[in-house]
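So that you can tell them apart, the chains are marked A, B, C, D, E and F in the order they are listed, and the count of residues begins at 1 in each.
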Amino acid sequence: MAANDNMPPAMDKEQIFGMAEKEMEYRVELFNKLTHTCFNKCIEKRYKESELNMGENSCIDRCVSKYWQVTNLIGQLLGSNRPPM
Amino acid sequence: MAANDNMPPAMDKEQIFGMAEKEMEYRVELFNKLTHTCFNKCIEKRYKESELNMGENSCIDRCVSKYWQVTNLIGQLLGSNRPPM
Amino acid sequence: MAANDNMPPAMDKEQIFGMAEKEMEYRVELFNKLTHTCFNKCIEKRYKESELNMGENSCIDRCVSKYWQVTNLIGQLLGSNRPPM
Amino acid sequence: MDKNLLGGDLDSLPEEDKQKMSAIIDQLQIRDSLRMYNSLVERCFTDCVDNFWRKSLGKQEETCVRHCAEKFLKLSMRVGMRFAELNQGVEIPDQ
Amino acid sequence: MDKNLLGGDLDSLPEEDKQKMSAIIDQLQIRDSLRMYNSLVERCFTDCVDNFWRKSLGKQEETCVRHCAEKFLKLSMRVGMRFAELNQGVEIPDQ
Amino acid sequence: MDKNLLGGDLDSLPEEDKQKMSAIIDQLQIRDSLRMYNSLVERCFTDCVDNFWRKSLGKQEETCVRHCAEKFLKLSMRVGMRFAELNQGVEIPDQ
């Protein structure tokens, strides 16, 4: 940490962009895992039609809501005091 | 898009290499998913021998062919009018 | 390979850092796959308590040891004569 | 994934940084959509294709793949909407 | 993942390279811990949440998620210790 | 993965770009082969090792791992050949 003080500012900026990139990668991954997990939980695998039916739609809404809560809960356990996004 | 006009050419080139890299990552991932999926579909999990038998070999050929067709089919649905590679 | 001889040294250094980065990514991935695989093999999915019990603890130790051996075994098959890390 | 979910506060950055950030976001979106394509193919193939007696997709398999992909895209849009609401602190009304 | 498992021989490098290597390691660690967070959520959600009649997590689901995550973290630490021993050539005693 | 499947038209590029592109391809191939190694270990371990009463691999487990890995490598080569044919528009004969 102390070493930061005499690092060139260009290096610092590089790292800030690097951090922002990792943060965005995390959001993309969160969204993708959420989507695939709720697909597994809510969609019937026979694929008889291409529309989402009412049951699937409410399942999706509740799945997203519960996934969000689990993300927050585990975030607290991991000791990060910030929201998932 | 309009902003592109006054961007330095170096930036442009950077982006072209970035695009080419993503495209190649996509091909590597396609090939890996294809390989793992056809392994799951065609190979018996008891691993009694180290050779592929005749049944496994024809299964692999057809699996690759059908996977290719599914890639094209979903590519059309996604609105990209280009072949998978 | 021959082309390497007249490449600028800056390029060389870039590639060395690139190699080191891929090598570290490999170690991180090895560790993560090991962790998830041994979780799947050793932990009971009912999650009745938050402590690891004695049976789980010895299972984990043996799982890590066997995973290590499989990594070495497959490394030999792939023809790389170096240890997994 | 929607661009707005990636980075919200680009406006506060100086012009040069904004451009660089925007380029990073573009690259991530391209990579993400190519990965989504790959994982959608893998999922629908795995769920719909189980017969390897012929090398061509049967009519029933094709319909299954279409439905699978369309359901996935609709679900993905709905998840995106709900996700955006949660990010903005909107409560999802129960049932 | 522990920093020592990533790169052991940084000291032998010239100062400039050491800094660059150290920055690469930092970036990998940030990415790794964010990925671990994501995959832990996915695992514990998948194992613990199966009822979608309500939009809020039930008491039992919450306990299950806590236990799942705590077990994972303890296992991950133990795996890290055993892994480090194997890297240093220490034999794990059988029994 | 075979280099030819990654980028076919390098020859049309100017020398400097060709070198840069070639370096990108090299890096992707290294990463890909390390990932393949990792996923092969995970797959064969998961399929072949189920007994945790001892810390050493049994004879039967070792044979299983060998067969698993060898089958995977043979399958991977065959998939690569078929894949290359499809990329070049060659039809796979049905039968």
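Just so it is clear, a residue touches a chain if its C-beta (ideal position, glycine included) is under 8 Å from a C-beta of that chain, and two chains touch if they have at least 3 such contacts.
Heads up on the chains, UniProt names are A, B, C, D, E, F = Mitochondrial import inner membrane translocase subunit.
Here the structure is a predicted model, which is why all the values come from computation and not from measurement.
Colleague: Using each chain's Cα centroid, which is most distant from the centroid of subunit D?
Modeller: The chain farthest from subunit D, judged by C-alpha centres, is C.
Colleague: Tell me which of B-F, A-E or C-F has the interface of A-D again, with more than half the contact pairs shared?
Modeller: B-F
Colleague: Of all the other chains, whose mean CA position lies farthest from subunit F?
Modeller: Result for max centroid distance from subunit F is chain A.
Colleague: Can you work out the whole-Å distance between the CA centroids of subunit B and subunit D?
Modeller: Chain centroid spacing, subunit B to subunit D, equals 17 Å.
Colleague: What is the distance in Å between the mean C-alpha positions of subunit B and subunit E?
Modeller: Their C-alpha centroids are separated by 29 Å.
Colleague: Give, as an integer number of Å, the spacing between the C-alpha centres of subunit C and subunit A.
Modeller: Here subunit A and subunit C have centroids separated by 25 Å.
Colleague: Which residue numbers or ranges of subunit E touch two or more of the other chains?
Modeller: Residues 35, 39, 48, 54-56, 66, 70, 92.
Colleague: Multi-chain contacts only, two chains or more: what residues does subunit A have there?
Modeller: If we look for residues of subunit A contacting two or more partner chains, we find 25, 42, 58, 61, 65.
Colleague: Provide the residue numbers of subunit C that touch subunit F in the complex, in ascending order.
Modeller: 3, 7, 11, 14-15, 18-19, 22-23, 25-26, 29-30, 33, 37, 40-42, 58-59, 61-63, 65-67, 69-71, 73-75, 77-78
Colleague: Any idea which subunit E residues touch subunit A in the complex?
Modeller: Spelled out, the residues of subunit E in touch with subunit A are 19, 23, 26-27, 30-31, 34-35, 37-42, 44-46, 48-50, 52-57, 61-62, 65-66, 69-70, 73.
Colleague: Under the touch definition given earlier, write down the residues of subunit C that touch subunit E in their complex.
Modeller: 17, 20-21, 24-25, 27-28, 31-32, 34-36, 38-39, 42-43, 45, 47-52, 56-58, 60-61, 64-65, 68, 85
Colleague: State the interface residues of subunit D toward subunit A in the complex, per the touch definition above.
Modeller: The touching residues are 1, 5-7, 20-21, 24-25, 28, 32, 35-36, 39, 43, 47-48, 64, 66-68, 70-72, 74-76, 78-80, 82-83, 86-87, 92, 95.
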